[in-house]
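Several structures are given next for inspection.
Both of the next two complexes hold chain A, though its partner changes from chain B to chain C.
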Partner chain A sequence: MTFLDLVRKNLFRKKLRTILTVVAIVIAFAIFGVLATFQNALNAGVDTAGADRLMVTNKINFTLQMPVAYVQRTRSVEGVKLVSHADWFGGYFRDPRIFFAAIAVDPPTYLDIYPEYQLPPKHRQAFLSNRTALVAGKAVADQFGWKVGDRIPLKSNIFQQMDGSDSWDFTLAGIIKGESARIDTNFVLFHYDYFKGTRSFGGDTIGWMIIQTRSAKDNARVMKEVDSLFANSPFETETQTEQAFAKAFIEQAGDLGFIITAVVGSAFATILLIAGNTMMLTVRERTNEIAVMKTLGFASERIFALVIGESLLLAVIGGALGVFIAWLSSFALQNATGGTFGPMTFTPGIAIWSVVLMGLLGLLTGWLPAVRAMRINVVAALGGK
Partner chain B sequence: MTDALIVIKDAGKRYMRGKQSVQIFDHLDMTIPRQDFVAIMGPSGSGKTTLLNLLGGIDRPSGGVIEFDGKRMDDLNESKLAAFRAGNVGFIFQFYNLMPMLTATQNVELPLLLTKLGPKARRERVNTALEIVGLSDRARHKPSELSGGQQQRVAIARAIVSDPKLLLCDEPTGDLDRETAGEILSMLQTLNRDFGKTIVMVTHDPEAARYAKRVLHLDKGHFSEKDLRQ
Partner chain C sequence: MGRTLNQIAAVTMMNLRSIPGRLWISLSTVVAVALVTSVLLAFLAMANGFQSTVQGTGAADVAVMLRKGSGSELNSTISREQALLLEDAPGIARGADGKALVSPELYVVVDGIKKSSRTKANLPLRGLSARADQVRRGVKVSAGRMFRSGTNELVVGRAVSRQFEGFELGRTIKLASQKWTVVGEFEAGGSVFESEIWADVALLQGLYQRGSTVQTVRARLRDPTSLAELKKFSESDPRLKLDVQAENAYYAEQGKGMSDIILYLGWPLAIAMSLGALAGALNTMYASVDARMREIATLRAIGFGGAPAFVGTMAESLLLSVIGGVVGAIATFLLFDGISAATLGSNFTQVVFSLKLTPALVLQGVILSLVIGFAGGVFPAWRAARAPLLAAFKER
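Now for the complex of A and B:
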């Protein structure tokens, strides 16, 4: 028998009560894991945003257009290294309910400005050289089972072709992988020139520009200069860092971070009371036994460690099971959403936070009962007082 | 008998009961030689258990000196007293006080968790202790699966497993029938006679006291020696 065996045997002496408490902890950690995964997916764009990348959108609303000529003028601003542009297609494949981003881009500059999108050189060449080529993010390709060389008809819920059709035919030239699991690949890219030349309206306009600055230190000055360049024009611009843009985009749906924190906080406050109460009851019921252990020579510090060990073990068992469920759920969520909200990955960061929370839960729920156990007066307890 | 294991000089014990101070005994002197087997009798409230608690280092006197093996123990701090108990004293209670979730083996092993012995050495010691009390065949049973007498034997094995010099027994047969009580008391006699354990036993029962080498009667804070064997 070891000290840990003693902790374990104490913990499971009232099996039903311990199991019910473990279940409550499992639920709390599963909620935390799933919501953290969800928040992580939403924040993926913010977290992976390039520090030296700026987004230029129409000042009135980012859904409004701006002339493509802005691209050339922006290139002349001091501190600008690269400029690319993009336009929202509003596309879908067969089922409009399955969301992915379909974006008309200037392929060479766009791929250069986003080095985290990994495309094999052969596929990159195929994409650049074919006007009707399309590259798909891995999440989309996996979702629809696309393979390189497939003919992909995409429909738009915004645009029509000049002939009245709402469908554009593309050839899949390659599949883009993210350099890490956190890179969102729920998108397809195709040639802006092909799109512009076939759409029935929109003319020489684009949705937004992406600027890569020479250094992040230039960001503030470049943002100011770009916006002043187009000030007092019919298409005034608003330039912000990619991170700020991504954050603002997420917060359109409300402060999800606060909502998630509130839900997780409530779950943990409840579990703190449940587990704390269990530990308190446990120690109260064992007053006589603890007094006997002290009589046998167990010092107060050892008694403290025994009780804290029990509450930590309780938190770790429940927490680990909850985290395991959350980890499994991340795959189910990814399949269910198809990456609509970003990549649903249970990251090492969430795992580390879970471990920290397990430790905190164990310490907080065990502290008071452990102090109480440590202070049990042997003479009074053995005398039944 | 050889030199003294325990010497109590001018010891007193006072408790606060609410706002009232209650004197249990005062100016108490006592010497317990090594390998003694002494029974302490006396009316309820005479301070028998309090005296046992002082001898075992689970309580401190309000005044006076208590020496164990030539060293003062009344001025030790709590953690040193815990170490003293673990190394020198085995306790046997009236209601056995075994851990219900542990088997007989694990209950006996409990005090050894405080030592530096490895698993193998601990196992050997536990087996020896269970053999001495004649319970090797019940080693894997939990207390709820044992009779009162068997539980008290496990408690005795637990008390002797770390080879303490002193065994303190608080009404060890108070919860047992006459026959089983006799077996337990004979076992204590064996531990005293054959294994050299010094035993101090508190009891109300004159029959139990007959098993001791001498009987001390504690009343109104003073001892008087009686020979119940005559």
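Now for the complex of A and C:
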């Protein structure tokens, strides 16, 4: 019988107790995995931000406008490679409660500046050449079952057409996929020129500009120069990195990081107690047997390793099952939320963290019982009867 | 019958007295249940606090008028012409001077710095005219005074000065590229208004290049039933065709989304954690039954029935869980009740609210702990009730 066999046999001697403990561990790891997936979704914008991309918004608040003429002036700033612009449409499709971003953009520069948005060349061409064309991110297209060529009416809760209607008609020219699953595709894009020419107010203004710098090293200087270009005008700007902008945006929702950490912490505190007690009971019940093993010449270190091995195995079995459940849930979550909170992705990082947690859990719950087992006094244990 | 009851009482007491012998494993159940209960209660308190702040906003006899389809004040626009038409609308109460009690208002977003994270967050800056305080009752300037028309003065809701930097009374603050003096702080019954900054509407129209348009018009109704009259008036005039709602109904609708999200997160998490705690409770109770096996079997041998063993075990399980539930509730109350938090409301601006734990919520937490205790006790209790007599003589 090998060492591992012994560990395994010991672990399943009290089947019911082991299974119950494993169930508790599975649940804790599933909670960790699911919440980490959720956090991934929320942080997608921060984590996938381009290092060389800057956001220029109105200094008063990012929901306010700026003149479209700013785009040309910004292009002349040293270190700027590309400038694109965008405007928030406040759009929805039939049901205003289903959220996605509807953005009026300058299509060629916008697609160039976000190379992570993948659009087949044929569809790109169709989008660029048709003023009333729309491209949809995959999350939106999936949510509503749109197909290329569909006529899509979008309503706005902000803008109206000249004739007082709040609905614009588009033709779906293509569907944008993210280059990785972490890219948020819960958006639709259409032509700013078409939008500007048909809306009843708003005039020649845009919502924000996106700058691509020649290199991330130029960021700080470009940020300063762009803002000073428009200082003391009626539309002062604030330029920051895409990452900083995304981060501040998430912070608006509240301290979600704290909530997630607190819940995961509670779940792990619970299993630490449950698994720890299981191991304690196990060692106590086997006092005699361990004493016999010692008499037979098992070294204390070997006995220590036997108990720690058992608690590690317990943590790994439960942890692996829990991670598997969380991985499956990430697909269900993506379907259920339709990308509203961002793309729900189970990344390798979550798996790595899970393994670290399994190791910690195994060591922490096994340590005290293992020390206790190592110190069992043979004479007292066998002679006491 | 009487004898069975006596036996049950005796065995239950024996059972409970033996808990200290299994102190650590029993404590682990208590703590596990306490953690589950407090996670659940923290989420419930959060949803409840947010909901009562948003839904406690607005009066039934105030009408809010928005551009059709705009859904929220932020997205609405109302022209001066429309605002003037509304002054002659039916159903609206009139002041001592005979003029209609209407309040054309502007609602814009400015940046505030959250004290907790030191990051920028959207704050609502509302432009009001002198008549506004006759329309909106229940607002009290609790420190300082109201702003004067035509000056760069503002008053802030008390939640704003609590959660955001630089709004202390007398301070000068830069908002919307202008310097403002904070001249007053107001209370509004813990409602969403306390998360707002108020200033002169005419001044803001100039600053934001809005000309004479506003975003919403509020009107004090003669009584809540006059809303229908006002609605009909707006519908029949093609120049108006506004969304007319009672103010309280408007906010009730706005509060729904976020508190639903909190509840949809909170309950599934609590249920999942409960299953984990349940596994722990079962382990504890099986260990308890195993430890008392000889004692139980001995009792059976001298003529005790199975029922006392069953009830005794159940009582132990329920007691441990309910202690956990109560400890969890107390911990949640001490740690979270009344703490202030802020999140994005449906107007895309911050809503400050306080976590609020009510007796009804605590009851839900305690019920959850009892369910765990029951499920965690019933199978081990069954095993105890069927303890074989031979176990009395078994070596341990």
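We adopt the following convention: the second predicted complex is superposed on the first by the 382 of 385 C-alpha atoms of A that agree within 3 Å, B and C clash if a C-alpha of one lies under 4 Å from a C-alpha of the other, contacts with A are read in each partner's own complex, and residues count from 1 in each chain.
To be clear about the criterion, contacts are C-beta pairs under 8 Å (C-beta built on N, C-alpha and C of every residue); 3 or more make two chains touch, one makes a residue touch a chain.
The structure presented is a predicted model; accordingly, all values stated were derived computationally and were not measured.
Within the superposed three-chain model, A:Gly203 lies out of touch with both chain B and chain C [touch as defined at top].
Legend: residue contacts after superposition of the two complexes on their common chain; A:Leu16 is shown touching chain C, with no touch to chain B. In the superposed three-chain model, the partner touching more residues of chain A is C, compared with the other of chain B and chain C. Look at A:Val379: by the touch rule set out above, it reaches chain B but stays clear of chain C.
Residue contacts after overlaying the shared chain place A:Lys59 against chain C, while chain B stays out of touching range.
In the superposed model, A:Met293 lies in contact with chain B only, and not with chain C. In the superposition on chain A, A:Pro348 makes contact with neither chain B nor chain C. Looking at the shared chain after the overlay, A:Leu6 reaches chain B, while chain C stays out of its contact range.
Counting contacts as defined above, no chain A residue meets chain B in one complex and chain C in the other. In the complex of the two chains, the chain C residues touching chain A come out as 24-25, 27-28, 31-32, 35-36, 38-39, 42, 68-72, 74-75, 77, 108-111, 114, 116-117, 119-122, 175-177, 208-209, 257, 269, 272-273, 275-277, 279-280, 282-284, 286-287, 341-344, 348, 350. Chain A contributes residues 16-17, 20-21, 23-24, 27-28, 30-31, 59-61, 63-64, 90, 96-97, 155, 157-158, 166, 201, 234, 236, 247-248, 251-255, 262-263, 266-267, 269-271, 273-274, 276-278, 280-281 to its touches with chain C in the complex. Of all the residues in chain A, the ones that touch chain B in their complex are 1-3, 5-6, 9-10, 12-13, 288-289, 292-302, 378-379, 382-383.
Put simply, chain B touches chain A in their complex at residues 49, 53, 56, 58-59, 78-79, 82-87, 91, 93, 97, 99-102, 106, 109-111, 113-114, 158.
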